[in-house]
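Chains here go by letter, A, B, C and D, matching the order in which they are written, and residues are numbered from 1 within each.
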Amino acid sequence: MASTIIDSAIFQGIFSSDAMRQVWSDENRTQKYLDIEAALAKVQGRLGLIPQEAADEIVSHCRLDQIDMVKLRAQTERIGYPILGVVSQLNALCRDKLGEYCHWGATTQDITDTATVLQIREALALVDADLAAISDALAALARTHRLTPMIGRSNLQQAIPVTFGYKMAGLLSAIERHRTRLNELRPRVLVGELAGAAGTLASLATGAMATQAGLCAELGLAQPDIAWHTIRDNIAEVGCFLGLVGGTLGKLSMDVKLMMQTEVGEVFEPYAHGRGSSSTMPQKRNPISSCYIHAQISVVRQHAAALLDAMVADHERSTGPWQIEWIVLPEAFCLLAGALKQSRHVLEGLEVDAQRMRENIDLTGGLVMSEAVMMGLGPYIGRETAHDLVYDICREAVKQKRPLLELLCEHPEINTHLDRAALARLCDPAHYLGQSGVMVDRVLDKLR
Amino acid sequence: MASTIIDSAIFQGIFSSDAMRQVWSDENRTQKYLDIEAALAKVQGRLGLIPQEAADEIVSHCRLDQIDMVKLRAQTERIGYPILGVVSQLNALCRDKLGEYCHWGATTQDITDTATVLQIREALALVDADLAAISDALAALARTHRLTPMIGRSNLQQAIPVTFGYKMAGLLSAIERHRTRLNELRPRVLVGELAGAAGTLASLATGAMATQAGLCAELGLAQPDIAWHTIRDNIAEVGCFLGLVGGTLGKLSMDVKLMMQTEVGEVFEPYAHGRGSSSTMPQKRNPISSCYIHAQISVVRQHAAALLDAMVADHERSTGPWQIEWIVLPEAFCLLAGALKQSRHVLEGLEVDAQRMRENIDLTGGLVMSEAVMMGLGPYIGRETAHDLVYDICREAVKQKRPLLELLCEHPEINTHLDRAALARLCDPAHYLGQSGVMVDRVLDKLR
Amino acid sequence: MASTIIDSAIFQGIFSSDAMRQVWSDENRTQKYLDIEAALAKVQGRLGLIPQEAADEIVSHCRLDQIDMVKLRAQTERIGYPILGVVSQLNALCRDKLGEYCHWGATTQDITDTATVLQIREALALVDADLAAISDALAALARTHRLTPMIGRSNLQQAIPVTFGYKMAGLLSAIERHRTRLNELRPRVLVGELAGAAGTLASLATGAMATQAGLCAELGLAQPDIAWHTIRDNIAEVGCFLGLVGGTLGKLSMDVKLMMQTEVGEVFEPYAHGRGSSSTMPQKRNPISSCYIHAQISVVRQHAAALLDAMVADHERSTGPWQIEWIVLPEAFCLLAGALKQSRHVLEGLEVDAQRMRENIDLTGGLVMSEAVMMGLGPYIGRETAHDLVYDICREAVKQKRPLLELLCEHPEINTHLDRAALARLCDPAHYLGQSGVMVDRVLDKLR
Amino acid sequence: MASTIIDSAIFQGIFSSDAMRQVWSDENRTQKYLDIEAALAKVQGRLGLIPQEAADEIVSHCRLDQIDMVKLRAQTERIGYPILGVVSQLNALCRDKLGEYCHWGATTQDITDTATVLQIREALALVDADLAAISDALAALARTHRLTPMIGRSNLQQAIPVTFGYKMAGLLSAIERHRTRLNELRPRVLVGELAGAAGTLASLATGAMATQAGLCAELGLAQPDIAWHTIRDNIAEVGCFLGLVGGTLGKLSMDVKLMMQTEVGEVFEPYAHGRGSSSTMPQKRNPISSCYIHAQISVVRQHAAALLDAMVADHERSTGPWQIEWIVLPEAFCLLAGALKQSRHVLEGLEVDAQRMRENIDLTGGLVMSEAVMMGLGPYIGRETAHDLVYDICREAVKQKRPLLELLCEHPEINTHLDRAALARLCDPAHYLGQSGVMVDRVLDKLR
């Protein structure tokens, strides 16, 4: 029985991904505890801090199937934390009291934090893979539609033409920066924790730093310079990163939603039978994925704020702030995974209606080309005169509900300089795409 | 396999309550769908809008055990919403195509919203019960410790004495206001939804408002004046209410944490073997419940912001904002339920060390009584003289590390007016509790 | 020199209102301090707690023009709070050391909190007035356009017709609930504070409660049951209320933005020369006010979360949480005032293009009427047959890009039952408005 | 008249810094507009896109003292944006209509965004300088108190000893990471914008990319690959960065507040006459700066969430999301500047009471040394026996309220192995500091 939408048997596939949910599952988290206890024993055995025999025995039991999860819940509720329960179960599994050497010198938070980092490593790999796929999809769309004209919109008003490839390249530029950010934060975040009750590792009279170094090496993590039990900029930075990625996906979903409007109809989320359609309203084509993205990232950004709150930790081991991370970090990753999955789905199967894009440019009867016309007329009649003249003709066009081109062709001050063909060319959006293609190229050129 | 801490097999008992998790479970939500479809059929049968035979047949199948949840997940992922899946399963369960009359005139969101309201009703009842229990516990503590002196603290500095009962009564006053708020918001929130595709109930050519009225009556909900598919102040208000309750619990947990400090030691969360203790640090008595409360309500307040975001809905059925509620509302309730449970645990078993409270007042050697001494000397030597004299003596007391009383007794300007007994009385915190008792009474008198 | 957009000499008129800025100005806040000190002196003089002569002298100086604001800044930066500076200036203004009786028994936070409540009272009156005006404007639009057909949209897809009045009435229902909420929270919030250093009023050996009662009465505030220095649900509730109002304005602005799209063009923010137009793009009509509303309320909702955070106060006088309110409360009110002002501007001058609304219904060639046609045909050929038949014809209409009505008229299974006139009637949105008018009436009927 | 606490004539020096407020002032922002228009004219003159004469004339007027700010407010309120107002004023200032060449090819948002980036550059320089100063102060404290013992606290319970230098080094490690983050984000953020109405720079028929490159070079900014009018990860990243820095300052202030408690008294904010003291409570030493830091960063983290919200921009020029930045970015910087300033003040003048730290370790009569004693006895009587024995003796010590050392010395199983001197050594916190010094060195070694 699940209560959250993320774990819901009905909704989990929509709001998250199986792979990401697995990362943050009870099973994986508990396995990480075991991996760390095993690595610790291994290192300490090697260093001669605990008997090799104990190390071997402990390692041999660090398997999830040896843990009684029901008992672990009871232990956790009694103690407030699961680590002692795991250790005591491990202890009981080991022969000859060799389990006493388990968890040697470590504190609850050492294991929990390091497990979290291992989970973050797996989770970031999933995010990275999705970012790469989204980058590919965006790059393909940018390339294909490098010069596919569509209307650019400012304040939700038709402005001047752009290209659909330009629109995709803008998003692509952000995705690429996110990948850079991810690479930059990894060394700060993928750092182990082994520091003892108050961070000083006093619990290990000898071999403290060697154990710490060895454990981190064993787990493929960097060694910390100092304990970070209550120095949480690393975790909060991850939250901010998820929020930033979410922001870009939110922009994507916003544009898709708007372009899918009945009155616009320029792109469509990939069609799947029954998806986003209505049994009584055959005209509908709902942007289902975009809906979910919008919602998921709205929550992720609040989670980022909560993780910033979790930084306000007290003293050497905090009294509440740490637990904020327990709640928020898995959810932020799971929801972002959902948003990434839905975004991939949208982008990898996006239907682009270039014809409708072209038609929409004409909706205003050519008014969106007025800037182009002003500029084109400038050399003949002066820039300012051109501006005022065209502006007046535009108002007239609106009033008469006739195409701008017609009025231009009829106007004596204009048709003495330019014939219908020349004027039609000025009114052709394909000739007013500016640097759309160049900008697409600049973004594509930077792809790895 | 659960990924969220709320649904975690290990942590669910800490971060939420079984009863609240049940309310937001897949099972309960789906049963609510069925309850509503049954009520709708019943009402429409009664009104003659659908055949009575169909109504009876539909009602007979509206049982959770008839629904294939695995199939429902698949349907939901395909369509994006579970309602159509439920209806199509119901339809298939009914004989003679009578199931066609199921969901008559309703739209997906009608059923979902109304189900959510039914869940909110159950969830608010749980919150209400916890608030009542917390109110009782606080009232008992306020009564018992109406005149138990402890130091009042301002800016985390010892200021002047208060009583522990006064401290509890302050919290109680907030809890009582929350109960009032809950009563006030119920009529706004416990309102049904049946409005059809765009809210106008055009789908019911006849009997529309009668069906709506009947359905709401059947479910014990108020009838809406107008569709609220995209008018969500009701839901957001619930989120704000949860945030407000959380804020008060946060204040409680903050004070308990601070009073449990080793250096303070005035109150303790109830003792349970192993809970909050350390195997190597026997001096520790961790405020485990307060930790969790702090974390839970930190997230709930961000959820409140997310629900405010969900209000920015577009047109008649929103494109994303609605789904924010799906994520946030269950979690906010589940986390608050955890915080309420932990708070009850703390308050119903709180250990109060009145002796230590009294000792802490003396920590400064009587300096915290300086205000009282100034006031007590005023009538004899003038208020201002009293102030300056006592202030100087206080500095001297700090310098000499001697009790204020001793220096007062020795001072010729003072001991001519007041003897040691009189001065000791001025320095007795029990005589400087101000209106603590009166304020406790004022709060208790208002209890229902 | 202002740094915030709210106080910006350039932007203040856009992002807030003059009246609301005045409420939260240094001048008004400081005057409130003086009003409270005056009221306190007056009450204590009347009660004989301080000499009447002192009371009169103090009251005579409680005028803003007697306060040296430059000096006050210096005092505030030195001490951390302005109250002591105000009191010491007052003191110095009074003859014969009578100023010593100023601030008698009060603490800094008593004056600050009470001043804040007085400011909140003024600010809520402004909010209330704007809500009333918005309610009037919405009611007028709802009445005028009770039966003005427009397309209802679900998931940004055209669904079935509604009326513009219905759309306005939905917003109106929320505004009316906000007015109710405002009335409900006032008695909780408009409460004075006079409680001394730790809330017990021990600073007043006699006449403590009488002074408190008298001060509150003098200021027209309710008397608190107990000190609320660190019990802040009242202030946070105000923040939530502002967030909730903001949410509704956000929904309004969202719909206006969407309806103003070039491709939709159904309503327009009131025209003002130059406002929202472009010098080179004459086709643009930017939803300027809606832009600002969107931004303002986005920040207000995060402010609500910050005020919930401020509830987590420590002990009797908090160490940081209180100051959150100082930052957030004025801004939340100022930004909401901006959003209310912009919303009034939009609603009181809204241009409604009923013609374009009607045309947009036809954009799909009648497909949005398919639900109506299915229902209308049901009695003749059976509901299910009707559904399947119409659904097929709709697909055909999309394929052929012909109006639905034409295909219906041509279809032998249909035209044997209904002639073109009857079918045209089924396809007429004016006949498929459902309970739009009834719902408008239900909302209007509840207006005070 | 200011309404926000940031611009308040009374509070501005507490809640922000003069330098940061100057960066975000109307004056500086408007001057930036002028700088950009000047640079644009200069570049376009050089490229031959506009007459050199026009460029010179425009440049000569791009001075703040030539702008009528009152008129600009009126223009801004009418149009909704200030840029057109500035341009039209510039235009009017230029002789012979040469001003017509001003703002050539640019759009409002180009100038606004680029101005914001220039302001961010200045603001980040201020943040960087404060971080450097804080780093220095922390490093000095870490060095000085490398081995100053104090009790480490976990869950606000005394745990085992650490050193004050260790505590400072932890914070230092985070500050250094923030400096790295700042360096990493600069190239992403310090990027100019010149893209025209929809981002394609179609407004410049020739020389578009050369103008963009030239403008950016002129301003010392990087050239963008593509327009970022609605691709806002750069701005949101700045907000997240501010939130992260704030989180660390919040942790600092939390620890200072807790250590300044009357019952703890280990460190003190620097003393300044009157600051944080009370006229009637001479024992108080309020953590004034820590209060403000707590509040400031609480709001900054909500601002980070608001900036993430601003990323959800629509199409080529957004309808509201952009304006969120206008509100939030200046405030987030101003509040963080306040927090940085207060933090510097605290750290540069921090009073450390090493004596009191030492005494507090003894508060539990040696119980906090039990872990050390267990470990020290292990080699003689076996680890597990040692654990159980010491644990029992600890409980006895609590019961008898006697020092642990006394009971250890008396115990026959123990005193046969270790004499009082040896046991005293085990109980000496200076011998149980673990890797405190090593960790301090590791952090210090990495300083640039």
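The definition used in the following text is that a contact is a pair of C-beta atoms (placed from the backbone, for glycine too) under 8 Å apart; a residue touches a chain by one contact, two chains touch by 3 or more.
Since this is a predicted model, take the numbers as computed values, not measurements.
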Homomeric contact chain A-chain C: same or different residue positions, threshold half: same
Cα-centroid distance, chain A relative to chain B, in whole angstrom: 32
Chain A: positions in contact with at least two other chains: 153-156, 159-160, 197, 203, 257-258, 276, 278-281, 286-288, 291, 294, 298, 302, 305, 309, 319, 371
Chain contact graph, described as a line, ring, star, complete graph or other shape: complete
Partner chain C, residues of chain A touching it in the complex: 153-160, 257-258, 260-264, 276, 278-288, 291, 302, 305, 309, 360, 363-364, 367-368, 370-371, 374, 387, 391, 394-395, 398
Residue ranges of chain C touching chain D (in the complex, touch as defined): 1-16, 20-27, 30, 69, 72-73, 76-80, 82, 84, 197, 203, 253, 257, 272-276, 278-281, 286-288, 290-296, 298-299, 302-303, 305-306, 309-310, 319-324, 326-328, 330-331, 334-335
Complex contact set, residues of chain A against chain D: 97, 100, 152-156, 159-163, 166-167, 169-171, 173-174, 177-178, 180-181, 184, 188, 196-205, 208-209, 225-228, 230-234, 236-237, 240, 243-244, 246-248, 250-251, 254-255, 258, 294, 297-298, 301-302, 304-305, 308-309, 311-319, 371-372, 375, 383-384, 432-436, 438-440, 442-443, 446
